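Take a look at these structures.
One chain, chain A, appears in both complexes that follow, with chain B as partner in the first and chain C in the second.
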Partner chain A sequence: MPSQPPLPHLLTPYVTSPPQASLTILSSVLGATSNWLVLRFLYAALYASPASGVGHGVLGVEAGKKRKVVLVSFLRGWEFWRSEAKRLGLDLARLIEKRQFAFVDGLSELFSSPNAPTQPQYPGARIPPRTTLPLRSQPGPPRLRQPVSPSAGGDELLNPTTKEPGPVKRLHLSGCGIVALDGIEKEIIAVINQLKTSTPAEDGEVSEVLLVVDQPDMLLAATGPSKAIGATEMGEWILGLQQAASATIVTISADSPLIHNASAFAHQPATPLETGHAAFAVGLAHRAEKVMQLRNLETGAARDVSGVLRVSKGGAWGQREGAEAEGSWEEKEVLYFVQRDGGVSVFGRGE
Partner chain B sequence: MAPSNISHRQTHNLLLISKLLSLRDTASPLTLLLDSLEQPATPLIKEYIRRARLSKVHVTLIAFETLKPLDGVDAFISARRKSPSDIVKEVSAAYRPDSSNSPNRRRLILIDSINPLLHSTRLDNSFQLSTFLSSFIVPTSLSASSQPEASLVITFHQDVPGRPSPYSPPPLSILTYLATTVIKLHSFSHILAQKVARDRSLVPPVFGLEEEQDGVLLSRLDKPIGKDSAEGVVLEMEYRRKSGRGVLEWYLLPPASRYPATQVREIVTLLDDHPLYRPPLDDDAGDEEEPESTFELRLTERQRRDREGVVLPYFDAQQGHGPGEGGRILYDMGEEDDFDEEEDEI
Partner chain C sequence: MSFRKRNIGLSTGSDRTPTSDSPAQPQQATPSPPSTPGVRPSPDDGRPTTSTGSPSLDNLLAGHGGLPIGKTLLLEENGTTDFAGALLRYYAAEGVVQDQKVHVIGMPEQWGRSLPGLIGPAEAADEKVDRRKNDRMKIAWRYERLGEFGAGVAGARATSGDQSPSSADNNLDKQPAFCHAFDLTKRLTHPSISNISYIPITRSSEPLLVSIQRKLQALVASSPPSTVHRIVIPSFLNPTLYPPEVSQPEHVLPFLHSLRALMSLPTSRITAMITIPLSLFPRSSGLMRWMEILSDGVVELCPFPHSSDALSTSGAATSHEEPPQGMLKTHRLPVLHERGGGSDQNIGQDWAFTLSRRKFEIKPFSLPPAEGDKEAQDNARSDKMPKKEDLEF
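Showing the complex of A and B:
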């Protein structure tokens, strides 16, 4: 099969320029993950802006506008995203240096205390930070973390221990309930604002920041009712992040047990995790303008099809005045195939 | 159903929905909109706001999940991270009628989604849903007479599950008990598909989350049937009168692009009146049902008289010439018959 263009043309209208203040949901199942789609969103936002010569057609509209992206990932580390983006021809490390992109790591040290004395003791240890066991926070009264300004505290502390370039911000969860979520929210918003204001002030206007939150449901699953974090709190947390960014993309899992066990049609009582996840996912879909659902092929596995992508209008579609006119896209269901080299082809049924 | 009955129902129920959506005479202080991902309440809420604007009603939106205020909303109150009592305070502060000049403006309070509030872990045990809701409708301030009449419209997402509590009824039960009007929203194309299936005695199809298919949250696609006239929202309304009697009716709200924003005439129709839902019967059928054919199947007057004059054989038996006479077998032997003696002996 010939190598695919980084942005399949069937997909282009759906991944380019999500409208202002909108929420886009990418739902995935275990057999059909959303990484490739997230990368397409990154590509559409980041690749068009520096290389104005490439920008033609749909991308040409975006060529003049500076778009920046903050990627918050709760399930995958920096190394994964960097190497996957490289296969697309997107150098994230360079983009971080150019202050067009920022990565927030919600995985590596989420549950380890940020100022633990054990951290700096192993500066020479070559163990990648993802594989270290999370350190327990000290028992006792929950410390209310002061919002550390990310340029000062965070980088100094983290950069000696890691070889990673740029502001790879690491999130730390401390405390309980809203306090914990507020801490994380402040850190992410600080990164967004940092990126917003770091524009070379030639045009003077604040650039738009696209926020991508990858699998925040992991946060919900890992905390749950014992930490007083439920679907409502998570939804409010996303709402807070939405206010800081110009457009937001959230990926969630929509596997059957996580969604359907808690529904009214189920026959057995649901666990708190199932209820919480279903309420969070369905609630987000109610707030989204666009819902892109990935799932397996109903007829079973195939050699040349990875899964089905269905793009639907979410619950908030049509709330904004004139939404029909500006972002005219049709609901659609297509098949996609992720090749070994990372290229993706998107095609209709029977094509 | 007799035709006069239908027309009465049409006029009466259309007046009713018009009164409800335009908030006239505070017909329904507490309206509950039950929506789902398959048919969100956004079109209906926009319709409420449109009508409120036309009749100069003050609109307040309490946003639990909306980021930006909708067009036409006078007061937008973000309820994120706020306690219920704070929300009540803000809502009552959002509109102060100046008692000096104009008569009281009526007031519409919209809650975009009640689910986050119901499932919040922050609520303490003293929170009562009914108290919270009634505090909007019945303001407790001293100058109660100067308070405007308020109508409350609440959206509840049916497909968002909640934490079941063993000691209290589920929130949906409380809400449906309190509400004076319950409007359940359906997608018109889904209703049509289900009707087609029912007409053929098939199991009606289900959509979206109810399919219980792995990875499917939403099933709505732009053109499910291939007719673009199948757009619109079906409203299943239950209105509780003050007497306690309920009125049930199904309506169709056409999409907003079909009519100008300033139209005053009623745009909602009965679902039964929609040609796609109930195709009109052919009117040329006369009093008697007669099959269409190239043959002449009717009788002329003379043929009919002749037919009435025919005396059928069993009338002969009913003449009755006494007992024993009625049961005779009248039979003429033909040439080919041979007489069977044994049979005749019995």
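Showing the complex of A and C:
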């Protein structure tokens, strides 16, 4: 099979330059994960941005302006993203050095934070001295100070192996409810702000940062009501992150048990996990401008089709001023196929 | 696919070629020296893999010929049978034989003593006999002997390579066996069987799964970095073993998440296999779905009920084949689905499994002709030799 271009042309209008202050939702199911699509977004934003001139706003600005990306991943580690991006020709490690990209690791120590405040969490000297990242509980201006509570468990860990050299920021979830989420939010926002101000553009303009949050719904599922984190809190949390970034992409799971069990017509009573997830996912879809759903082929597995991609307008589509500028894409349903070499072909049914 | 053919050709040339061929892969874990027993590079992309202890499950795993290091396999089973437990025993026994560090969670030491006994370095004996039987019709008798002679010299590995078309790599001839054959009716006696570490389920001040996670982490951290670990979790969340509050999402999911974090560390070389009873935690529940999302591979076993024994007997394609004992569904395969899915030759097949004394075999499933359908059966029987009246028009 011929190798595919990194960005299939059918996909290009959907992944390049999400408009300012927009939210894009990528939903996935068990057998059709969204990682390849996230990588396409990264590629479109980071790789050779003058070439992908399909942008928003005035055309002249595009050529010189480079987008920056912050990737927050809760289910997959740095190694995965780095190696998969390399298959696309995107060297994330170098982009981190060039301050165009930052990775926030929500996997390694989210639930098991070592209680060693002296230990530097990020051995890389990537952080400019202006804003030193505290381990946690930054006395952020508006919110209450987060108590250093050991209630998240796993605090006094003896893990010498976690000193992995990698220019990544690791998240910890500690405490309950809003406080725990705020702690994470602050850490992510700090990373975004650093990236924004790290290389001030020649004209003094603050560069745009695209925020990609990979599966934050895991937070919701793994905490639940006992930790006072529900769909509302998660929604507000995403909203807070959105304000810091110029555009946001969120991936969530949309498997049928997670979405449909909560409905009144389900055969079994819904668990709090299911109702919470459904509320969170549906709420996000209403706030999104674009929803890209990945799902399995209904007719069963096929050897040359990985799944179905459906792009549809979210609840917030067309609500911004200047909405006519975003008419460059239309709702569509296509098939996609992820090849062994990492290339993706996107095609219509029957093509 | 033309890609794969070429790749295999290169990999037979030298060990290092596949790794340099796909520059994206070697970071997945520390590049393993090829001498590590029980670990070999995947024929697909060169990442280190280790055997699950049953060759046909190895072959199912998306062309990697084994379970890639750092990945979890979730085995779900319907009903009250324990086929998944047999697979888990093979997996643990393989780890013992390969001198890997096996961690068993929630089971007493008796579990370790009941591991299946080792037959040989590979399934040489019975596999070969099977193949001979199948080939007998096709190969002339005098050539057949030649073939046997050649196979005898090449050793056991050639057989296993042949019967796994997806992982046909021949450079293992000189290497120690990757997968072994075990006998469920015997008991494993191996010097390193005492190395199995058991993490019991004990009440303590902190939540159970947190303490298990911490013990695991300490065990992994305290062993030399070259050790390959296997984490074995038999019937996870089973209420006869685990206290009821453990099956709450806020306990289970952080545990699986931390397990995933532990395994994805670039310094660690861990694989894990978990079995879970589906009758207690149905796949239609949100919790179960999250557990599946947090695992790298998800395989569901659906044993046939006893009443359908008759059907399954006739399900055997030929008389000397064992009848299938259940269906096997792959919902997610390691690495493949993380990348986006698709493009595996095994995808979309219906699988049937047969557990015999010596092996767990996974084969494509095909429905037999209906029992009462005399006509169809006659047709099937006369397939090879059409009757005269069929030929006359």
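We take it that the second predicted complex is superposed on the first by the 277 of 351 C-alpha atoms of A that agree within 3 Å, B and C clash if a C-alpha of one lies under 4 Å from a C-alpha of the other, contacts with A are read in each partner's own complex, and residues count from 1 in each chain.
The rule we apply is simple: a contact is a pair of C-beta atoms (placed from the backbone, for glycine too) under 8 Å apart; a residue touches a chain by one contact, two chains touch by 3 or more.
Please read all numbers here as calculations on a predicted model, not as lab measurements.
K.L.:
Return fit or clash for chain B versus chain C, each positioned on chain A through the superposition.
P.N.:
fit
K.L.:
First (chain B), second (chain C), both or neither: which does A:12 touch?
P.N.:
The answer is neither, since A:12 touches no partner chain.
K.L.:
Which partner does A:4 reach: the first (chain B), the second (chain C), both, or neither?
P.N.:
Touch partners of A:4: none, neither chain B nor chain C.
K.L.:
Regarding the shared-chain residue A:315, is it in contact with chain B (first), chain C (second), both, or neither?
P.N.:
Only chain B is touched by A:315; chain C is not.
K.L.:
Output check: A:32 vs chain B and chain C. Expected answer is one of first, second, both, neither. What do you get?
P.N.:
In the superposed model, A:32 contacts both chain B and chain C.
K.L.:
Which holds for A:193: it touches chain B only (first), chain C only (second), both, or neither?
P.N.:
In the superposition, A:193 touches no partner, neither chain B nor chain C.
K.L.:
After lining up the shared chain so the two structures overlap, which partner does A:222 touch, if you call chain B first and chain C second: first, second, both or neither?
P.N.:
Once the two structures are laid over each other on A, A:222 reaches chain C alone.
K.L.:
Tell me which partner A:341 touches in the superposition: chain B (first), chain C (second), both or neither.
P.N.:
The answer is second: A:341 touches chain C but not chain B.
K.L.:
So, A:255: does it touch chain B (first), chain C (second), both, or neither?
P.N.:
both
K.L.:
Determine the nearest approach in Å between the Cα atoms of chain B and those of chain C after overlaying the two structures.
P.N.:
Closest C-alpha pair between chain B and chain C: 11 Å.
K.L.:
Following superposition on chain A, which residues of chain A contact chain B and also contact chain C?
P.N.:
Residues 32, 255-256, 270, which sit in both footprints.
K.L.:
So in the complex, the part of chain C that touches chain A is made up of which residues?
P.N.:
1-4, 22-25, 27-28, 44, 206-207, 210, 213-214, 217-218, 220-221, 248-250, 253-254, 257-258, 260-261, 264-268, 283-290, 292-294, 298, 331-332, 337-345, 347-348
K.L.:
Name, in rising order, each residue of chain A that touches chain C in their complex.
P.N.:
1, 30-33, 35-36, 75-77, 79-80, 82-84, 86-87, 107-112, 153-154, 157-162, 164, 218, 221-224, 226-227, 253, 255-258, 261, 268, 270-271, 273-274, 277, 300-307, 336-342, 344
K.L.:
Can you check the complex and tell me which residues of chain B touch chain A?
P.N.:
Counting only chain B, the residues touching chain A are 35, 37, 40, 42-43, 46, 65-68, 70-71, 80-81, 113, 115-117, 119-122, 157-164, 209-210, 212-222, 257.
K.L.:
Spell out the residues on chain A that touch chain B in their complex, using ranges where they run on.
P.N.:
Its residues touching chain B are 21, 23, 27-29, 32, 177-178, 225, 228-233, 235-236, 239-240, 242-243, 254-256, 259-260, 262-265, 269-270, 272, 275, 278-279, 281-283, 285-287, 291, 293-296, 298, 310, 312-321, 324, 330-333.
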